[in-house]
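Letters are used for the chains, namely A, B and C, taken in the order the chains are written, and counting of residues starts over at 1 for each.
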Amino acid sequence: MPPTESGGTPAIEFRDVVKRFGDHTVLKGLNFTVSPGERVTLIGPSGSGKTTILRLIMTLESLTGGYIDVHGEPLTHEQRGGKRVALPSKRVRANTKRIGMVFQHFNLFPNMTVIENLVEAPIHVLGMAKADAVEKARGLLQKVGLSDKENEHPSRLSGGQQQRVAIARALAMDPDILLLDEVTSALDPELVDDVLQVLRDIAEETDITMLIVTHEMQFARDVSQRVMMFDGGVILEEGHPDDIFTNPREERTRKFLSAVLD
Amino acid sequence: MSWWNWQSALDALPLLLQGFGTTLVATIGGTVIAVFLGLLIAVLLRTLPAWVNWLPKLVVAFIRNTPLIVQLVFIYTLFSMNEALIQVPALTVGILVIGIHYSTYMSESYRAGIDAVPQGQWEAISALSLPPVRSFRSIVLPQALRATVPSLGNYAVAMFKDTPFLMAIYVTELVRTAEQIGGRTFAYTEAFTLAGLIFLAASYPTSLLIRRLEKSLATY
Amino acid sequence: MGDNLTLLIDSLPQLWDGLLITLQLTVGGAIGTVLIAIVLGLGMLAPTGWISVPCRVIVEFFRGTSLLVQLFWFFYVLPIVLDIDLGPLTCGILALALNYGAYSAEVVRSSIVHVPKGQWEASMALSLSPARRMFRVIFPQGWALMIPSLATLQIQLLKGTAVASFITLQDLNDRIDILRQATGDTMFSYTVGLLIYFVLAWLIQVGMDALERSAKRRLGRGDGKKGLFSRLTGRPEAKVVTA
């Protein structure tokens, strides 16, 4: 699927996005769109800004300049009378309800059991009835293969199990967009496959738009329709994973891939 | 502002500053005692064998966990009943007691500092067969003190703010001076407000200094 | 010594009355301390300077001026300035609560700040409201961090209650002196008195340890049980900010 320029509202649109941390400019006027249901993998050396892109969409970082639209609606800033205006925080929070994120370090709430982690936001953010939320959470736990852990504390689970709970927690909010930020980087190698399998299933069974930052190139190849190679805060090249991985145009992409694939 | 009289405030100030002088003497004297005694306690608790260690530990805990005011009056009364000690000025008794009280806290600062010296340093000392006492003094202690200084400073400031307790044994420090002024002229508002401001003016900058020291020492 | 014991037993009702005053000051002060600490501690973390700066100023003010000054101010000056006479017990509780509350507020603030960043981010990613995020996710985790330092401050508060005798309250400190006058034995009376304080401090430590264990259990972390003896001989929390 080519990047949609024509027809339909993109799920995500970056317009001239700038992000600076102090003196350091991470993103230098970034433009791209992601179509609904598309799976895009972001690759590139560390510090190239890929994780920053996910964190900007999740509003964990504030935009320095430019705009991000989600399903055609402004996410954090809008243009009003030729001026760039920040949206009130309540509206920003409403905008992020259908955006889910899975973190490198899981970030489960240690003061809640597994099931409490899953139902907290559906009940208190989406206003779901408790019984419905619990039923839904149980279904998700079954899907990630952890039905028997519902009343455990996160600290009693392995890293791989914790990450599968975190994925279920994100899915419990019925996201349209799922952001996966190096979700296997903190795991012991033998636990990686279970997590990736869960994600493959989700990719297959749902039409959630996914933005993926990962070093697991085979996984990226399996699930994504597009790969974007970042370097120095700009998109160096992009294309279908088969093209990028087997026949990159840019020398720097080639070098990066050979380093990662080793 | 009918309750505030600038003239009374002005009149009170010289007396208050005189009282503050006593407060400073008590603080400095107490700190000197606590700094040395604290180190002694820390080293003692580290070197004593376990089977006798519980006793000094208990004594330290007892002093630390009971009120300074009660201790002050206790020791002051003991002194005043003893013919040989009755001549000792109340301020001296106060400095002694407050110094001992805070030495139990400062010993913890030293302990934490010594604990923070990396295990590798101890191993290096024994690997090089260095003499234990000398290497403790010249290798371990300097490193431990580095981490300890801000904590000692914090306790010195805490002690400074506890010196008004000395009025329980009739030492005329800052707050007792204020109370006397109030009793004599009824300028309680001016006297106590000024006393508070003097404390704030002395302790806040010192605390800021210690916090900065803490930060600069934390990053090697 | 036998006489002393008889006299001690005779003085028990008076000691008991004093103990009750000390307990009222301690419990009232402790409740006030925790409330003030939470309000000011979280206030200092408020995103707007309109809230955080005044909270910071109040904290520094009550930390910087001595407890006894505050006590006398409430006792002598408040009736003059605002024409409010609170009575010695309320004055005592107020001064203790504000003084130790200011120290505790700093403990609350620094514990909240030390909750891992990922927890804030995860609750933002789930779009939890700021209140829900604080009280359901962040605070319960900060709570476990702050208990040891709060325990130290609660014991300081207990020790601080002895200032009450400066404002005419007949607390335990005051009654020890009565016992001394009755027995004429300073050593005996003060040892008894200090022992009572010591036991109270130990009880506070036991209670706070239990709180800490339950807080850690709720975070799914195991509990390192302390021996009965080691509770008070152990370290006062090094983290506590005293200056």
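The rule we apply is simple: a residue touches a chain if its C-beta (ideal position, glycine included) is under 8 Å from a C-beta of that chain, and two chains touch if they have at least 3 such contacts.
These are the chains along with the protein names UniProt gives them: B, C = ABC amino acid transporter, permease component.
Since this is a predicted model, take the numbers as computed values, not measurements.
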{"item": "Farthest-lying chain, centroid of Cα atoms versus that of chain A", "value": "B"}
{"item": "Centre-most chain, if every chain is reduced to its averaged C-alpha atoms", "value": "C"}
{"item": "Length of the line joining the C-alpha centres of chain A and chain B, rounded to whole Å", "value": "55"}
{"item": "CA centroid of chain B to CA centroid of chain C, Å", "value": "20"}
{"item": "Distance between the centres, which are taken as Cα means, of chain C and chain A, whole angstrom", "value": "46"}
{"item": "Residues of chain B whose C-beta touches two or more other chains", "value": "none"}
{"item": "Partner chain C, residues of chain B touching it in the complex", "value": "3, 54, 57-58, 60-62, 64-71, 73-74, 77-78, 81, 105, 108-109, 111-112, 151, 153-155, 157-158, 161-165, 167-168, 175, 178-179, 182, 188-189, 192-193, 195-197, 199-200, 203-204, 206-207, 210-211"}
{"item": "Parts of chain C lying in touch with chain A, wherever the complex brings them together", "value": "116, 118-119, 121-129, 132, 136-137, 140-141, 218-221"}
{"item": "Complex contact set, residues of chain C against chain B", "value": "60-61, 63-70, 72-73, 76-77, 80-81, 155, 158-163, 165-166, 173, 176-177, 180, 186-187, 190, 193-194, 197-198, 201-202, 229, 232-233, 235-236, 238, 241-243"}
{"item": "Interface residues, chain A side, partner chain C - complex", "value": "58-60, 93-94, 96-97, 99-101, 103, 105-111, 120-121, 124-125, 153-156, 169-170, 173"}
